[in-house]
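Chains: A, B, C, D, E and F, in written order; residue numbering restarts at 1 for each.
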Amino acid sequence: MEATLLEQGITLMLVGMGTVFVFLTVLVVGMTLMSTAAMRLAPAPDTAGVTDEEIAAISAAITQHRKANTK
Amino acid sequence: MEMIRQIWLESGIYQITGGQVAMLVVCLLLLYLGIVKKFEPLLLVTIGFGGLLSNIPGVEIATGDGLLHLSYVVGIETGAFPLIIFMGVGALTDFGPLLANPKTLFLGAAAQFGIFATLLGALGLTQLGIMDFSLREAAAIGIIGGADGPTAIYVAGKLAPELLGAIAVAAYSYMALVPLIQPPIMKLLTTEAERKIEMVQLREVSKAERIIFPLMLLLLVALLLPSAAPLLGMLCFGNLMRECGVVDRLSDTTQNALINIVTIFLGLSVGSKLSAEQFLDWSTLSILMLGMVAFAIGTASGLLMAKLLNRVSSTPINPLIGAAGVSAVPMAARVANKVGLEANPHNILLMHAMGPNVAGVIGSAVAAGIMIMFAS
Amino acid sequence: MEMIRQIWLESGIYQITGGQVAMLVVCLLLLYLGIVKKFEPLLLVTIGFGGLLSNIPGVEIATGDGLLHLSYVVGIETGAFPLIIFMGVGALTDFGPLLANPKTLFLGAAAQFGIFATLLGALGLTQLGIMDFSLREAAAIGIIGGADGPTAIYVAGKLAPELLGAIAVAAYSYMALVPLIQPPIMKLLTTEAERKIEMVQLREVSKAERIIFPLMLLLLVALLLPSAAPLLGMLCFGNLMRECGVVDRLSDTTQNALINIVTIFLGLSVGSKLSAEQFLDWSTLSILMLGMVAFAIGTASGLLMAKLLNRVSSTPINPLIGAAGVSAVPMAARVANKVGLEANPHNILLMHAMGPNVAGVIGSAVAAGIMIMFAS
Amino acid sequence: MEATLLEQGITLMLVGMGTVFVFLTVLVVGMTLMSTAAMRLAPAPDTAGVTDEEIAAISAAITQHRKANTK
Amino acid sequence: MEMIRQIWLESGIYQITGGQVAMLVVCLLLLYLGIVKKFEPLLLVTIGFGGLLSNIPGVEIATGDGLLHLSYVVGIETGAFPLIIFMGVGALTDFGPLLANPKTLFLGAAAQFGIFATLLGALGLTQLGIMDFSLREAAAIGIIGGADGPTAIYVAGKLAPELLGAIAVAAYSYMALVPLIQPPIMKLLTTEAERKIEMVQLREVSKAERIIFPLMLLLLVALLLPSAAPLLGMLCFGNLMRECGVVDRLSDTTQNALINIVTIFLGLSVGSKLSAEQFLDWSTLSILMLGMVAFAIGTASGLLMAKLLNRVSSTPINPLIGAAGVSAVPMAARVANKVGLEANPHNILLMHAMGPNVAGVIGSAVAAGIMIMFAS
Amino acid sequence: MEATLLEQGITLMLVGMGTVFVFLTVLVVGMTLMSTAAMRLAPAPDTAGVTDEEIAAISAAITQHRKANTK
């Protein structure tokens, strides 16, 4: 019985790490395709206009994020 | 006289057990770590105080109709509190660095090895007859290695509620100890030259990408691994509220009042599981040890994957950011930044490390989905 | 191998039904309308995302012990969420324009004709054998014509929970489409000269009147139509907190944290009713069509009543403000203002249109009380 | 049966619209009386003093209201 | 016709009872006291409006599945609302003045005599055959003398839910009437010379003391009187969040959104117990009378203890601050300050009176623990 | 029976007031010891440095406290 339990664990580890990698690989592919499409449809100059505001927003968000997690 | 005798019989001095005294000390230690050492104070203060309340003899507060027990039943058993926290985390998370450099997702994937190694460790202890963990319990313990509090609480609540207190305490304690645990491992596994690698600046990420990302992530989860959908779905929902720009009042409330209220009751509820009978057990000790191992292995596998990626990648990758793949947002990313600065004072790794850092959150949720699917 | 097979069997790709795919598309459309077109984003984003979550195959999130289903049971079945939203609406509403010009209440009354005409339409379709709606269902569908989201959800939750998803989606969609639906009707039913009518400036309203108004409204409801008391009572309570000036901290929280938190869970809960089995049905299509008719009739009857009032009244009344009687606060008032400005660039109708606009909220709640009394 | 359902609907419409109008008419009368009384008891000059503040408060509230409903 | 008849039969005019009319008047009076007289508006406005809603004939809102009744069951019967309010009070309370001058705790102790004298009074009325109170009911009535709303509601919910409405109304009304009830008693029991006594400035209190205090208080309660642990535990938790300095975001939410939301639903729930059948009873009248007596006795015993302490103490103690021992934070402290200023325009007693004032909160919670232990 | 009830009340009063005084006396002793210890471990100069900020925080808290209780 206990032997089986450990075997189950090993299988779970292999399948689990496999799934994590497969899922995140699919996500990497998806994100790359999506970003390429998004950048073509809404090309850089358009978004560049928003940049300054966005940078401020991002840094504010990071600050808030840190505050939320570490204070 | 009889009344005075009754006060005495119902007093804590008369009723308190050695275990309860020990737990009060443990809880005061958690409060000390949170308040004085500033380790994950939002959770250690609330869990610690909840633990104090739950070890007061003879009072229904962590049991029966008591507030802490009701809160546990309503919020933890149903999974509602960790899911709402995840929504808040989504609303607080900037996925920009990940979108700018998607391959850092692999670092977040590799670091999940800590989870499964710990699962194996728990089963190994059982095999050796030292402990007696079931597969469900071992899976819940493994999730500590995900370094993500709400995920650990969610999974433990589903698979091993009897270990919830120990698992939550271990998860948050080690997340707090990241600045102590990780640097030695990082220095051991990397050369000075590797730690000096500078990375190219991240590209700007457009608003459209930010809005589409949570929807894409949710749809992928729906198609590939529905059992991870509750956790990742709420994360995506919070992030969509944050990024879509048309529901800022909901996003603000989620990031503040809502996540704060739920954090208070989550902490108190988890603390209510720190009763002496449940916590003072050999299993707690082994959970604490296994959790430490999980963190170390997760850190190491993230680092090694980063070294591998650096060889393959066209742009240089500093292996230190691999350690951030364990999540423990944003502490692990800051540790990577700090160790990087020690090797090269001009090397700002923070934003680069945020990518694997949030990737670790996604990776842990995927691993949690697998655990829930097979172990329950 | 067996495990990989299980992952495949439990994956969304394997399990998903055509209906679920269709619903995912519908929900993405709702999100598109909310985020890109900015149509009622607070509700369309939350309902849309809740709908996505509820169509993920094989996961308990919108069913059983899942967060969305629990939220539905706790908040929608009991009526708590729409009532709390109504309290928040009360705290956000300024009844000043209505107090300054009470006869605009008649415009809000007339516009409720859309509700009852739609009820009749639903029963007519049943009569013709095209659909099969009961009186309860027809009444719940009619309330879409009230153009008031929480009222529609409250009534549908009481009378026809099986249609709740479709009714809520229809109500919020058409409220969002007010700027498209109303102007053609407004131009068809009024002459250029009528649209140019300027109205006399509203008198100032004293603090005492503002405080007494919600109490008077509540007492009238209590005496005349108690079945409308829950909805109108909470509206009055919110408004009293706003106006009384001594509980500003409660009023602020009601207008912000509380209404936002409830909006999030209301939206997700309503979204959880967008499952393929319930939504993809001929009844949904006819509800969407009937809802459109309801809006058109409500707009027309408000306008015609305004034309009538204009003949009777001593001070001139621009018929356009009658269209605001459908509620859809504050969109309908703004549409009236915009169409007025097109005819006469100096004609600011906004404050005048706010009177019938909030009157429409009261009128719909009264109609809802009647429906609940007779149809349940 | 179905004929009765439609008849029920027609009656409900008549009674419903009637009730809405009766209720709102009573409310119009009540509001008019109340306002008259309030203005007599707390005459205009008294309230005029508060006016500027109130106007600011009202316009702020409207802004907030819009924001709440349209953002 | 039949329908119009049904509207008539279900209308308030037809159904309303004399008792309900009387209760509507009582509730309007509570609203008047809250809004116009500004007496404890946060509670009198919410309780008053809840009372109006609960006396609308024929509607399920304060009964059955109605929102107010559900809120009562969830929040009052379980004790959750008063405990959360106590957490908020803890987060809002500065224990600095008490830490600077610990002997003012005796003043807070003495003032609790009002509680036990009232208990005796209620039993005396029963003895005389005038009323028929059980020991539980008498204990709940006595707690009014604690001048602490949430404590009174918590104890009444546990010991005598049938009297909750009357007890809550009495407690908040008298807390509001403190500026009228206390000054004559204060002037009667002190000489002009005593009222002129100036006190030495309070020493500064360190952050460490502030952090350790709530933990020490909790541990003492745990050891000596566990039955007071829920109330005092939540107070200590709120105060620890306030003082520890590392969870300010939780403390802020507790002091604002959370306490406000709970106050709204606590008030409405308490108001739902103001139905005619329960409230219009001789017991209500005697509760109101006993409550008044309780306040007067509590004020007097606080004052007399202060006079005693003044003789014993090395530093002078102005007896007026003893009256603040009844709690009614911060009204009673301000009354002490005001009466002091009348006797000596340079005598700022406010901070000195805050010590006994918060001591009164602790004292009442201890008394509540005793009541719960012996009377339940 | 009723006589017993009144007697119960008297006992409860004596025991209750006794407990209140005992508890608060223990608390006074505890607070005094704690403050003495705290002041010795973290002596006045250390805390004096924080004073100005603390005073501001305290007065802000009091203001908020009053606002919470009396508005």
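What we mean here is this: a contact is a pair of C-beta atoms (placed from the backbone, for glycine too) under 8 Å apart; a residue touches a chain by one contact, two chains touch by 3 or more.
Because the structure is a prediction, the values reported are computed rather than measured.
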| item | value |
| --- | --- |
| Matching chain pair for A-B (criterion: over half of the contact pairs shared, by residue number), options C-D, D-E or A-C | C-D |
| Self-contact between copies subunit C and subunit E, residue sets same or different by half | different |
| Distance between the centres, which are taken as Cα means, of subunit C and subunit B, whole angstrom | 41 |
| Mean-CA-position distance for subunit F and subunit C (Å) | 52 |
| Where subunit F touches two or more other chains, by residue | 12, 15, 19, 68, 71 |
| Subunit C, residues touching no fewer than two other chains | 3, 7, 38, 41-42, 224-225, 246-247, 249, 256-257, 370, 374 |
| Residues of subunit F defined as touching subunit B within the complex | 11-12, 15, 18-19 |
| Subunit E-touching residues of subunit B, taken from the complex the two chains share | 3, 6-7, 10-13, 15-16, 24, 28, 31, 34-35, 38, 41-42, 45-46, 49, 52-53, 55-59, 61, 65-67, 70, 256-257, 260-261, 263-264, 268 |
| Residues of subunit B defined as touching subunit C within the complex | 78-80, 83-84, 211, 215, 218-219, 221-227, 229-230, 233-234, 236-237, 240-241, 244-247, 249-250, 252-254, 256-258, 370, 373-374 |
| Partner subunit F, residues of subunit E touching it in the complex | 38, 41-42, 92-94, 96, 98-99, 102-103, 105-106, 108-109, 112-113, 115-117, 119-120, 123-124, 126-127, 135, 138-139, 204-209, 212-213, 216-217, 220, 224-225, 242, 255, 259, 329-331, 354, 359, 362-363, 366-367, 370-371, 374-375 |
| In the complex with subunit F, residue positions of subunit B that touch it | 3-4, 7 |
